[in-house]
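Paired with chain B in one complex and with chain C in the other, chain A is shared by the two complexes that follow.
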Partner chain A sequence: MNINLSIDVATTDNQTTLTIKGEIDAYTAPLLKEKLLPATAKEAEKIVVDLKDVTYMDSTGLGVFISALKSTKEHGSTLTLVNLQERVHRLFKITSLDSIISIDTTTRGGE
Partner chain B sequence: MKKERLDLDDYRKFLKQYLLTHDETALYQAEQLSKLSVQHNVSPEEIIHVHIKALKELYPDLQQEVSDSLNFLLEAMISYGLALQEYQSLREKQSALESEISVAANMQKTLLQTKKPTITGLDIGAVSVPANQMNGDYYHFIEGSDGTLGIALADVIGKGVPAALAMSMIKYSMDSFPEQLRQPAQILESLNRVVEQNVDTSMFITMFYGSYNTKNHTFSFSSAGHEPGFFYFQETASFSEIKARGLVLGATSDARYNEEAMTIHDGDAIILLTDGVTECHLGDRFIERDEVLEVIKDYLHLPAQEAVEKVYKHFERLQDFHLRDDFTLIILKKET
Partner chain C sequence: MEHFDFIEMKLPAKPEYVGVIRLSVSGIANRMGFTYEDIEDLKVAISEAMTNATTHAYDENEGGEVTVGFGLYRDRLEVMVADHGGSFNLSEVKQETGPYQQSEPIENLREGGFGLFLIDALMDKVEIKSDYGVIVLMTKNLPTNEVGIDDDQISTSQ
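Take a look at the complex of A and B:
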């Protein structure tokens, strides 16, 4: 399996924006976890994850976002997902994770 | 580890043959000896040692420098001999681990075994095929004394041994619920607490639980973020998605689940599946849920067990017999 994921991290005052490109699956999820979790551990940090260029995600990817959400609750940070493609959004809807993870499909990440 | 000595006579014979004739077959014999040596844990320095001896027997007046240089080479090979020993011992350890995992996989199979019940008026078919050695999908039938049939279908996210252990946890918890507490929503709420407290934060479980009342033929159900299944209505020859929304198990400690119900008529069917069925890949393309339904529709007239097996075979063939994810499909038909 080729690793087909790139993550760009931009940090400003109290905000971390992760722009993700590619596929999130069992092989690439550890990379996402490695970049996302440290950001959620900062108190009052606002984390925005832009999934505009994520073409595929499987349940391992969902697992990473559940971990991240638990970590935001523990550390008082927030997590918002933006620009989800239809197939990716469907996963959050089926699993009802969209009821506990903030998902914004109308705005662009970082704006 | 047992070391065997290289047969000096053979070695000398082949060496002599080669030095005198430059015959290719002698070289081939050397290659064979090399293979045998590896098989019998003969170290590289041992071969050089035999080489020196053979050479000295063939040429008693061997130049001192040549003989010394070969002794030098022998010393230089010692680490390779040690590396070979280490490799052999790792290989033994690996095969021991493999057999332990296969014992564990068999144990899991026995522990999680579920008997497909025989119920008059219901035709039940179930197939569950793991993509790897350990299955992350799990289904279980529970027959109640009041004539209800409980059907649990779960998909543990996370792979391999940890996922398998989480599944056993689900099965034990479910077995421990008293019969009067086996209402779909109640079961999912209890299991959610068990999972939330006991598994790694990035692991979660999707689960569907349905309860079929064999007296009035109503099917009540709840879902914890599980891939939606389908109802098939014979009257209109149409499918409809089983609508039940609920959060996956293990995401928060206080998840609540809705319970829905549907009356099942003669010839209707309930189709339950895991996302291994809908996440089938065809090269770069995914199989859409509509395509899955088309295939199910083609086989639905068959006895339920035959139908689920035919559907599985169909997708297995499409994916060149290589499943990406565990595949589970259950069909319940109310007989006419």
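Take a look at the complex of A and C:
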């Protein structure tokens, strides 16, 4: 079990993909914010966040994605979360944030 | 009196220890026989309470401590998270809690507004006291295998 967080950022034409591994909590969320927010500030940028290897997340993670969503609205970029593990997806459902944050449910992580 | 085991931990009120308390509750709940799903719920709820306590301490710029107590009962786990810091505006925190409403503009969404809501959603019982610092007391019941007296769905006739 790894309670830390690692983030890989890959950039191609107008697309930034963040691949995240580990646990998102009060300690690690600032790192996610630091990597994610600058990408959302690029006009027309398509940001994909791969959460396949995120084994834990709480409201601090939700807060980062809310910040990122606000930033995409300001800058005309888009944000999509992919490969969520069931437990992580559940938090978006409980809080109804899945109605405003784009979540690709065609594939699921952690399996 | 109802028998229970009690475990108490004191941690620095710093975000780096949120993960540590999460590992601890995971171990305790596992030993008690909670399901995987319930353990994950407990991890989120306790982390949220610890996060609130550390955020508060950070805002006040004090090197405080958070006390976490686990009461292990036959049929439930009670967790107490106590932040013995100074003032804490509970009514303000409560106002900021709740699920996202469709009618709400995204600009109004509060980035830190879901902690208490999640604790409430994931635990069976939650009490918050703010007389001296803030104490969050939350309970998760162990799933029961016993068939209730009124449950006549299972026939035992031979």
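The rule is simple: the second predicted complex is superposed on the first by the 103 of 111 C-alpha atoms of A that agree within 3 Å, B and C clash if a C-alpha of one lies under 4 Å from a C-alpha of the other, contacts with A are read in each partner's own complex, and residues count from 1 in each chain.
To be clear about the criterion, a residue touches a chain if its C-beta (ideal position, glycine included) is under 8 Å from a C-beta of that chain, and two chains touch if they have at least 3 such contacts.
It should be emphasised that the depicted structure is a prediction, and the values quoted were computed from it without experimental measurement.
Undergrad: Just from the overlay, do chain B and chain C fit on chain A, or is there a clash?
TA: The answer is clash.
Undergrad: Contact-wise, after the overlay, does A:38 reach chain B, chain C, both or neither (first, second, both, neither)?
TA: In the superposition, A:38 touches no partner, neither chain B nor chain C.
Undergrad: For A:27, is the partner it touches chain B (first), chain C (second), both, or none of the two (neither)?
TA: A:27: touches chain C, not chain B.
Undergrad: Answer with first, second, both or neither: which of chain B and chain C does A:63 touch in the superposed model?
TA: both
Undergrad: Looking at chain A, does chain B or chain C touch a larger number of its residues?
TA: Comparing chain B with chain C, the partner touching more chain A residues is C.
Undergrad: Contacts for A:96 in the overlay, against chain B (first) and chain C (second): which applies, first, second, both or neither?
TA: In the superposition, A:96 contacts both chain B and chain C.
Undergrad: For the superposed three-chain model, which listed region of chain B (27-35, 243-251 or 297-305) is the one that clashes with chain C?
TA: Stretch 243-251 of chain B has C-alpha atoms clashing with chain C.
Undergrad: Would you mind listing the overlap between the chain B footprint and the chain C footprint on chain A?
TA: In the superposed arrangement, which is not itself an observed complex, chain A uses residues 26, 58-60, 62-64, 66-67, 69-70, 87, 94-97, 99-100 for both chain B and chain C.
Undergrad: Which of the residues in chain B end up touching chain A in this complex?
TA: Checking each residue of chain B against chain A gives 155, 157-159, 201-204, 206, 225-228, 245-248, 250-252, 275, 279, 286, 325.
Undergrad: Enumerate the contact residues on chain A facing chain B in the complex.
TA: 26, 33, 58-60, 62-64, 66-67, 69-71, 87, 94-97, 99-100
Undergrad: Provide the residue numbers of chain C that touch chain A in the complex, in ascending order.
TA: Counting only chain C, the residues touching chain A are 15-16, 18-20, 22-23, 40, 43-44, 47-48, 50-51, 54-55, 99-102, 106-107, 109-115, 117-118, 121-122.
Undergrad: Name, in rising order, each residue of chain A that touches chain C in their complex.
TA: For chain A paired with chain C, touching residues are 1, 3-4, 23, 25-27, 56, 58-60, 62-64, 66-67, 69-70, 73, 87, 91, 94-97, 99-100.
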